[in-house]
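Some structures are shown below for you to check.
Common to both upcoming complexes is subunit A, partnered first by subunit B, then by subunit C.
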Partner chain A sequence: MAFRISRTGLLFALIGLAGLALPFVQFKPNRIVPGEGLRLFDALSLPLGWMIGLVLGAVLIAGCLERWPARLRLTVALLSVIAVTLALGAAATQLTPPDNTLARVSPSSGFWLLLLAFALMLADAQSRITLGLPIRLAMLIGAMVLIAVILGSGVLDGVSVMREYAARSDLFAREAAGHLVLAFGSLGLALLIGLPLGVAIYESPAMRRPVLGILNILQTIPSLALFGIMIPIFGWIAANIPGAAQAGVAGIGLFPALVALFLYSLLPVVSNTLTGLIGVNPATREAAAGLGMTRPQILVQVLIPLALPVLLAAIRIVLVQNIGLAVIAGLIGGGGFGTFVFQGLNQTAMDLVLLGALPTIALALVAGIALDLLVEATGGAPKGGQA
Partner chain B sequence: MTGRVLMAAAMLFLLAFLASPESFASLFKPFTRNNAPAIYTQTGLMSLTLSHLGLVLLAVIASTLIAVTLAILVTRPSGREFLPLARTVTSVGQTFPPVAVLALAVPVMGFGAGPTLVALFLYGLLPVFENALAGLTGQSPQVQEAARGMGLTPRQRLWQVELPLALPVILTGVRLTAVISLGTATIGSTVAAKTLGELIIAGLLSSNTAFVLQGGMVVGILAVLIYEGFQRLEQLAAARIGQG
Partner chain C sequence: MIEIQNLTRIYGTTAVVKDVSLTVETGQIAALVGTSGSGKTTLLRMINRLVEPSAGRVLIDGKDTAEIEPHLLRRQIGYAIQGHGLFPHRTVAQNISTVPRLLGWTQDQHRARVDELLELFQMEPADFRDRMPHELSGGQQQRVGVARALAARPDLLLMDEPFGALDPVIRAKAQQDLRDIQRQLGTTLIIVTHDMEEAVTLGDRIAVMDKGELLQYGPPSEILTTPATSFVSDLIGTGDRPFRLLSLTPVAEIIAEGQAEGAEIPREASLRDALAECLWSGRDRLPVEGGGIVTLDSLRAQAAPTARAAE
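Up next, the complex of A and B:
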């Protein structure tokens, strides 16, 4: 019986086997000094490390064979991702001497490559089976629950990032809330202003060029500068305009960051509102007018529902973009996960950088996938491949 | 026409400002407090701009070459196996925040221009790849058929038919990458890369709005110029294949 070699499988195997050969974790006497790299086989106690390593290696090599049903590959890849994660937790627990609060065990290149190999395998298997919307939604929720269970169970508590988290769990909750307020608050503001603005330039085509032109230029200002410019502007407003400070306007903290993100969000919202409205079949509009509907009625009951997929696509763009850009707020004292990222960069404490970067990435991924599903559910084309 | 005049004016203003920032000091004086300097003199503005542009140029060239090559590979019969995976990776990859990519490159590369270059390169791959893929796969089967009928070899079809047809879409991807990279490179200054972000951060640290404005202005004008330049290129490329 001749086996065909799957070339995607070969790629994943190469990445994964490199991961097995490279240091799985870094053991550091404290959080700042560079550490000593340990491979998976050496990082775990004797039988366990070899067992996990050999099983993962076998999965990678078996993955090169063509004869796997995609669903089986999906399951195996998922189990392997979990195994790699749990191995990291176990390595951290075993390597950290008891009563030593200074030593840190951080994930190293081997861990990341193994995770990448199995995540790619997972993505590849998933892209080869067509799953219905409800199942994909269930998978998204399932993945989130799984992550929550693993984090909550404490198996990863020995890992450096979780040690950083344990040292500042209150602060983490506050910055997480801040990040969400920044991302969703700016989105809400952008919808509040952007939707009517989009409708307005749809009604009066002469305004389209100037409005979109200004929003386009706004988009080209580098985020760092826009955040910076907001500080003196709102500082001045808060100091000189009576009532502004009472209304919450301030030159420091969350407020300037929120406004900067709002300004960046306007272009996608306004231009997609316009695109969505223009895309509605003129015959539909005339039919509605023929039924005796007034202009506002046509807008609310006919045009906006039909433009909904395009509007949701704008919300996806804005939300993913703002979750990422909100990191920069950390640089101007606006809170959010960026606080940890830039604190970590300043202290060259990379675990702290991870504590800020990983939740940001997770948040952006979940938001992107969830909104892709929503766009699809309302009948639009998803932004990318399947979630 | 007015567009062209405005662009030329913006470019002249930018060049004049970079050549002799001191002559614009009075323009920025109102934005400073306590007699702080209006013009950043720590590092020359021109050299910051050039190093900023150099970094972006290098990253964009690298990501364009690699992304277009990859897109060609996965659209050949021998590479089709990778196509679904490539699509998924691209859509997932684009949700990664550029700042997070930058921060994560630091442990691997250390501080300096290295991590910025890597982050810009990695992040820049995606728009070019996505567009190249769309350009290469979205061609009408009749054209392919005709090219085959003319007796063109697969290599000739790629170079003489597929790539020219995909060029306008690929250029759109390169434009997106260039504009995103230009903005993201400013953040590179937080990891000690020499970019115009240095100016903005210096302004933030010393509460000197003039510096922040100058940095934002220079990057903003550069972005608009690059955006317009690419649009012109796209029009030319589209006209060449009869779609202008």
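Up next, the complex of A and C:
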């Protein structure tokens, strides 16, 4: 029986072993000064650090072998991700001197590499198993519950990012809500304007070039430049048009951030609406008209249901894009997780930057996966239906 | 009765349909034949106002179609097209019941109608009702397309190349079935085709169109024996002409007294079938079911246009 080496397994092992060799955490006397790096073996108390380190190392090396069943690989990778996370929490608890509120233990390159190695292994194993939609949905919910349980249990409370969180838990809830308002609000606005616009340029082909041209130009304006343009314009409007300021118009803050994200969302929504509608078999549309459906009936009963998978793909693109882009709103006082990122950058407090960045990444991942599942649920079944 | 009066359609500066007038009697089949670009599809689409006429009018049982809202007009007229145009996201039953639901029939009414139509088209309702269109064969999709067009019991059915996507064997069967169902329901049918064979097989009247103009409108035998222009004779194809002519008449019409050897042929078989049987079995006379014979000489006489003209 030949023991074949898995190339991906080898890559994961190299990443993970580098992680074991590099500092797992940074121990800092306070939140700003650079700290002292500690490897996993040194970060935890004597038998525990070596035990976890050796087990993880063994898993990584064993993962190089091709012969693992994918389900076993999936389970082991998941357990390893949990182990690495819990090790971080344990290291933070053990290293922080009691009654010292200034000292900080932050995750360092070793932790991130180990997490990356096992996350890749997890994703790789998952992609090799063909799982049904309900199971994958259950897995997504399970992962979210697991994260909530780990965070809620307090095992990570000693870690620097969680210390930053503890100091700002009220603010965090507010900025989280702000982030969601920015991402979903701009998506909602884009759908409200973009869907009818997409339908309109489908009905009148002459308008396609100019409309898509303008949206394309909007898309290429860098976000900072867009803010630069909007601040004086909206500032002027708020100051000079009665009622505008009361309605929320302002040069800085939530309003321009929402407008910027909305403008960036228009192109994907409009162009995907158009693509989806054009993709409907002309014979189907012809039949709908010939059977006596009115234009609104054709649109609602035939065109939109058939274009739905492409529309959902647009929603996915826009939502994931906007969750990421919404960080930039922090720069002009628009709220959202970007607030922590830019505060952290100003204070050179990387832990605070992470407090903004990590939930943003998690949110984008969850939104992306959830919408992928939705696209598959609506578009996967009737494929090949059109001759 | 469908009266098409001086119908014209102009796109830009070119007239794709020029001053066409023709009448289709109730319960008859009219076949619009022509090459692509002849204006036959545009003419058809002006009847249910998918295309608005530039000039002229269409009367259905004496009523001007321009006076009815287009979508309400279309709900009264069956419409089936090439590639069937079934809604891929709806089941067979939902597809068929499209027009009844637009007309506000009750659920019981349109369910019963779906089952009735599926049975008419020889598809077991319990088996086919809930299938999606992509789970059907090409021939089944085509039948569902026609069933959908007939769902609200229209008096007029328009078909644009309905058999265009079918292979020859299934097509012949589908044509026969359509003919039977049309006779049974008494529906007036206007069918667009580029295939003269199909027009001769199905049509009580054939309208030949070229470059937007109606060249000739008459029964198949007239089109075959006295084509109005060289274009019409080209479309018929001179090689097949005698056989097409023979295929129009059933054996029953030329039965003579006498006795003959060998297998009998049915009374409703066409003269073409009789000729083929004569040639194949090497006989010069065939016995007909129920008595009498057909002779090779009489078949030969029927195949020549002069004989027809003398009738």
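We take it that the second predicted complex is superposed on the first by the 377 of 387 C-alpha atoms of A that agree within 3 Å, B and C clash if a C-alpha of one lies under 4 Å from a C-alpha of the other, contacts with A are read in each partner's own complex, and residues count from 1 in each chain.
One rule holds in what follows: contacts are C-beta pairs under 8 Å (C-beta built on N, C-alpha and C of every residue); 3 or more make two chains touch, one makes a residue touch a chain.
Not measured: the values here are computed from a predicted model.
Undergrad: Is A:269 touching anything from subunit B or subunit C once the two structures are fitted on A? First, second, both or neither.
TA: The answer is neither, since A:269 touches no partner chain.
Undergrad: Kindly classify A:288 by the partners it touches after superposition: subunit B alone (first), subunit C alone (second), both, or neither?
TA: In the superposed model, A:288 contacts subunit C only, not subunit B.
Undergrad: Just checking: does A:223 make contact with subunit B only, subunit C only, both, or neither of them? Give me first, second, both or neither.
TA: first
Undergrad: Which partner does A:126 contact after superposing on A: first (subunit B), second (subunit C), both, neither?
TA: Touch status of A:126: first partner only.
Undergrad: Look at the residues of subunit A and decide whether subunit B or subunit C touches more of them.
TA: Result: the larger residue contact count on subunit A belongs to B.
Undergrad: Taking the superposition as given, does A:305 touch the first partner, subunit B, the second, subunit C, both, or neither?
TA: Once the two structures are laid over each other on A, A:305 reaches subunit C alone.
Undergrad: Jot down the residues of subunit A that show up as touching in both complexes, subunit B in one and subunit C in the other.
TA: 384-386
Undergrad: Under the touch definition given earlier, write down the residues of subunit C that touch subunit A in their complex.
TA: 48, 50, 71-76, 79, 81-89, 98-99, 102, 132-134, 141, 145, 148-149, 158, 165
Undergrad: In the complex, go through subunit A and note every residue touching subunit C.
TA: Per the stated touch rule, the residues are 281, 283-284, 286-294, 297, 302, 305-306, 382, 384-387.
Undergrad: For a test of understanding, state which residues of subunit B touch subunit A in their complex under the given definition.
TA: Where subunit B meets subunit A, its residues are 31, 81-82, 84-85, 87-92, 94-100, 103-104, 106-108, 130, 179, 182-183, 186-187, 190-191, 196-197, 200-201, 203-204, 207, 209, 212-213, 215-217, 219-220, 223-224, 227.
Undergrad: Using the touch definition up top, name the residues of subunit A that touch subunit B in the complex.
TA: 6-8, 11, 109, 120, 123-124, 126-128, 217, 220-226, 228-229, 231-232, 320, 323-325, 327-328, 331-332, 338, 341-342, 344-345, 350, 353-354, 356-357, 360-361, 364-365, 367-368, 372, 383-386
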